[in-house]
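Next, two complexes with chain A in common: one pairs it with chain B, the other with chain C.
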Partner chain A sequence: MSFLSLRRSETVIALVLIAAMVLIGLINPAFWSLSNLFSLARSNVIVGLMALGVLMVMISGGIDVSFPAFAVAAMYLTIRAMLAWDWHGVIGPFALATAIGFALGLVNAFFVSRLRMIPLIVTLGTAAAVRGGLLGLVGTSQINIDRMPQALIDFGNTTLITRAGPGGTHFGLSAMIVVYLLAALLVHFFLTHTLLGRGVYALGSAAEAARRVGFNPTVIVFAVYGLAGALAGFAGLLHGSMIWLANPRDFVGVELDVIAAVVLGGASIFGGRGSVLGTLLGVFMLVMVSNSLILMHIATTWQRIVVGGIIIIATTATALRDRRQIV
Partner chain B sequence: MTAPLIELRDVSKSFGGVRALAGVSLAIGRGEIHCLAGENGSGKSTLIKIIAGVHRPDEGTLRIDGDEVTTLDPITAIGHGVQVIYQDFSLFPALTVAENLALPSEVQARRRLVSWSGVRKRARAALARLGVAIDLAATVETLTTAERQLVAIARALISAPRLLIMDEPTTALTGREVARLFAIVRDIQAQGIAVLFVSHKMREMLDISERITVLRNGAVVAEGAADGFDEATLTRAMTGQDFAAQSYRWTRQDARPARLELRGLAVPGVLAPIDAAFHAGEIIGITGLLGSGRTDLALTLFGMRPEYQGEIRIDGTPVALRSVAAAIAAGLAYVPEDRLTEGLFLTQSIHRNLLATSYAAMTRHLLIDFARAHADADADAMMEQMRITTRNGDLPVVALSGGNQQRVLIGRWLMGMARVLILNGPTVGVDIGSKADIHARIRERAREGDLAVLLISDDLPEIIQTCNRVLVMHRGRLVEECDTAALTDTGMAEKLKALS
Partner chain C sequence: MLKPIRRALALDANLLQLVVLALFVFALMTALVPDKFLRPYNLISITYIAPELGLLSIAMMVAMLTGGIDLSVIGIANLGGILAGLFFHAYGGAHGAGLAAMGALPVGAGIAIAVATGLIAGAANGLLIARLRVTPILATLGSGQVFTGIALVLTGGPAIVGFPDGWTMIGNGAIAGIAVPLLVLLALAGAVALLLGRTSFGISLILIGTNPKAAVFAGLKTRRALLLTYVLTGGLASVAGIILSGRTNAAKSDYGISYLLQAVLIAVLGGTDPAGGRGSVAGVIVALLALMLLASGMQLMRFSNFLVDAVWGVFLLASIALNAWRTRPR
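Now for the complex of A and B:
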């Protein structure tokens, strides 16, 4: 299988991506400015981290729409805990947020695997319950920059390169991109080099056959929903530290963007197919297109239409691809 | 004498009160090709699953190499050298051939990490052992059925099995592929591996196996060396009945006009003008080679070729069959060849499937009046008439065997008060016992239900036994018409051969 073969979905997405970049650059050359590219890279981080989780769930043959709720819960609970206990540091809070997301993900896994319920319904339900519980039991007040823990703000502000912009301002390439790529590398290793990861593909490709071969579907389902939750929890807190704000009503509608990105990246809604590289490209494509609407002088209200359109087109394209190969 | 590789003694198994196996004993020797014969629902699958450790027997013992094994689960069964190739092959369509081959052994070795060079090496060795060449990097979904089967066999051989169980391995293969498969099975046997070949195709079983065990209704009814069987004894053992070749007789008793009369019926470019008359109570076989136009004739009568020319009369009255609705209203019923995709609502209940064409008659002012129509009672009566094996009309059709599904489909049209029933390949994929019973039902309905039946089939013995008259079609024209009483299978086959 050649790396550049057109039969690889990744190659196709990469070509479409390049074409889109050229097109946007022609309409507004400001697209190629360093500050725009840096801000584009930064916008990839949160959507991308969540997409990695959704990718794993989708390959296993499931779907997850609860991760934005889990991300918000992990972020808000962790920051509230940091304020309440006067807790400083970065590693501890991120570990806590990740753990909260992981635990919530296991709840999804329990319903999907033990009670054999439909993933979409389960995760819609847990999402609503977690959001409601957070607002009802923990609080509705936004934590603004004045009360945000300084350690988090500093961490979220770390840059790799800084450049002086016009008028004495500075802009930089967020170091969070490294965190994102590191997570992507780990997920890639998990999916392609561990037997559990191959089990995710096997389960999504043919559940009964996976069972007969000796995979334990319960373990796989718990692993993917747990990891998706963990990634969401981590991404949630990271989001808070990057925007210096903890809003318990944040992340509404993000599930659509993330799922669109994963499907755009070539993952199959029927399971069994998908790759980290494809997802990275899909996320970049989606973020780039929605961020560039302004550059292309298109009203931002069109953004949702674009996302919806991408979901339908990408899903149709992958479904057609899968159907052609099955026959 | 050494103990047999696997021996089952007096094994019984029930599922929710239904006895699937009753006191079954079976011994498979080392390196033996053993055939497990039986019709659908005879307990073959249950027996395989007991040997594979999927089900645990309620009673009885299982010995491997003479030692009693009390706890057998799929993993320990594999450890004892039992490999099963299921009918669906249990492959992963989206994964590559290499990974499909290597994955099971990696899982069984309880590895944590995947070594891709090791995967490719093992996969290459596995295919080399079978002597076949398949692209390792291709995904399984791009392979043909025969290639997929080879991958499944190669995969099973990786774990050095001592018994390979093949569940209905020839179902989806062409004649040449079956021959190749048999050569491979013999090759596997030469490596000292026993093969349990599960089938209901008699010729194949007699061809390949050394010993045959026949199951019927969950019990062993015959067992012995393959040379001791022939097609007749096997059929008798599998079905418990003799199927004497006695064709259907029909004589005209009244002077009513023909039930269905075709006067110069033609479809430009498809059917040349046909004149024919079919009477109530008749069963008329229609046969011909591929492209003979026999299915087009059926579709024309069912209103799906609205451009037809000529005249169609039912009971002497001219009718215009320009749409399916018009054809149904005129009393035509068509049971298509592919019942799974064209005819049945698989996940719906038997009752609903039976009533599917009757709803219009039950409807008043847009609402279905179930009570007025005594729909359930009628559906139950039809289940009885068609001898569908379950009494529970709420069961989904997908839970029934192929033969029973076909009865539901035929029964549906009989409920709709059809006057002409067109059956296209009514027993394709149905086992012998069911087939004979479906034929009996068709005859009974033709006689008692005052129906004209058109039976389209490739199966010449079926046509000769079930029909009183046969029409031979070729390239869109009706080339011959004769009484089946004057025909034999071979005579009919000669006629068809002469056409090609």
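Now for the complex of A and C:
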């Protein structure tokens, strides 16, 4: 039963996750209520979509802190375009947002691959340029529900199951969870069943060896950063449709949550290690812990300490696992 | 033709290029906003605003020298200021004469608290990086969140307003007509330059950054050197926090967030190689000067703060492209 082996990081994370769920449930049984579980599932979607992109970047041996800026730019530009051109529909706008994110991701890839600059520095620069450019040149005003395109709101509001809550209210399981899991399946297939996907692992494990067996590092880097940007752009517009407003100042600091989730999911920043299943579990763990602080009667001001602590504990655990010789 | 001049000034090509850049920015801004840019008030205000960023940039450069990075400097700076502020409020009351006219001893104790916070926080980073071998990016990203989080929990969110006069002197005062923050920056920059260039510790940092494996085989105590590196960056960050809270007479958990990008930018533009092994205090100081002149000029031209941020980002990317072009294989 290799699947249940404790040597697999996924198994360890799953066990920790179950233990945490039991613990939170004991502190406050409301955790197991259907409405809480549904809202928890819903909260996974946006962080999870972004985490899939960061996972690919990390497996290739890089890091990305620019995706929240790309997400917000894709969302705001797309919705502004929809309003300006009186453009309706769902598929077209999502294609545009994904394309914006993809194009911005390619800029990262160009600097990382062609100019050989450290990914962290590059993505810090592109993040500041894109966010500053968006707020300085496009606008700072929030687009509220009254002006949000109705088609997007309806799409974001789709539910799989609906239950009646107390006082005649209704709550449901957001259908966006299907979109998320579908994306996860695609990324999993890409990473494990395509030549390019295997190349991502090869590049992250040993760049020189990957080059010598015939992988093209340039193509891999462009694919990885492009896909991360595309996922971020898609997630950005989906976020707007799910909360019914487009705020150009949104997503500040989200990179920390997402990176924490990916690292928690067992991916190594040195590259070459990481899986979609681990990332899904890592995202669920992170979202659950930060959403359950209130349920556990802990002030929300503690959230940053919790997220920071998770990053430190998870990276220490992976560092001990990946311990290298001498240096 | 430039060779004799370069030798005379003991400048390397990179530093010379930076000096030219700073002069170019100065000339450009003088041409664009002549009436406002050259006003003494404008130039003097730069000597108050620049030092805190300069200290953070030097800290970033030192971490990059070893091939690492310190993303927790802002968190450390704010936490140090907040802990000192809480001490002052507990000791002299939240406002009034007891707080403002506090003696030299309690103010000194506050400084000690802030600096100790920086050193301890830096040592925590150093332990994570040197002992547990966590990558600097993730270790300091996580610890920065924890430091900011502690500051947030301690204050509950709002700024701590009101510091003793002795403390605000450090941020706003002048000695012999020269801004105190500038004096602090110059003193610490000189000390770090001496440490890097004239001590075995400094040389070992550069060796570790150039080739960590060779440094181990050469018998250097790389772990100890790495630990001390982050203690140093934490200490520098805490002094930046003292100046920041002294200048604004307030301390808050989310002050100066945009400084992180700017400190990275100034370090990289100043000729530091983020992969390790190359960097100098002089380069950082000239890069700081060039960018502060640029920022001040843009503000006088009524650029929005967002656009200034965007220009910083574009500048960072442009300096990467320029470096890549200059060191391209021929």
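Please note the rule applied: the second predicted complex is superposed on the first by the 322 of 327 C-alpha atoms of A that agree within 3 Å, B and C clash if a C-alpha of one lies under 4 Å from a C-alpha of the other, contacts with A are read in each partner's own complex, and residues count from 1 in each chain.
By definition in this document, a residue touches a chain if its C-beta (ideal position, glycine included) is under 8 Å from a C-beta of that chain, and two chains touch if they have at least 3 such contacts.
Quantities reported herein were computed from a predicted structural model and do not represent experimental measurements.
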Check the residue A:T316 against both partner chains and state whether it touches chain B (first), chain C (second), both, or neither. second
Which partner does A:I91 reach: the first (chain B), the second (chain C), both, or neither? neither
Taking the superposition as given, does A:A164 touch the first partner, chain B, the second, chain C, both, or neither? neither
Which holds for A:M117: it touches chain B only (first), chain C only (second), both, or neither? second
Chain A contact check, chain B vs chain C, more residues touched by chain C
After superposition on the shared chain, which partner residues are touched by A:G125: those of chain B (first), chain C (second), both, or neither? second
Which of chain B and chain C A:Q303 touches, first, second, both or neither: second
On chain A, the footprints of chain B and chain C overlap at residues 326
Within their complex, state which residues of chain C touch chain A. 69, 128, 132-135, 137-139, 141-150, 152-153, 156-157, 212-213, 216, 222, 260-261, 264-265, 268, 274-275, 303-304, 306-314, 316-317, 320-321, 324
For chain B, which residues are in contact with chain A within the complex? 74-75, 78, 84, 86, 88-95, 99, 103-104, 106-108, 111-114, 116, 137, 139, 141-142
Chain A to chain B touching residues, read off their complex: 1, 192-199, 201-202, 204-206, 208-210, 212-215, 268, 272-273, 325-326
Give every residue of chain A touching chain C within the complex, in rising order. 63, 111, 114-118, 120-122, 124-137, 140, 256, 259-260, 263, 269-270, 299, 301-312, 315-316, 319-320, 323-324, 326-327
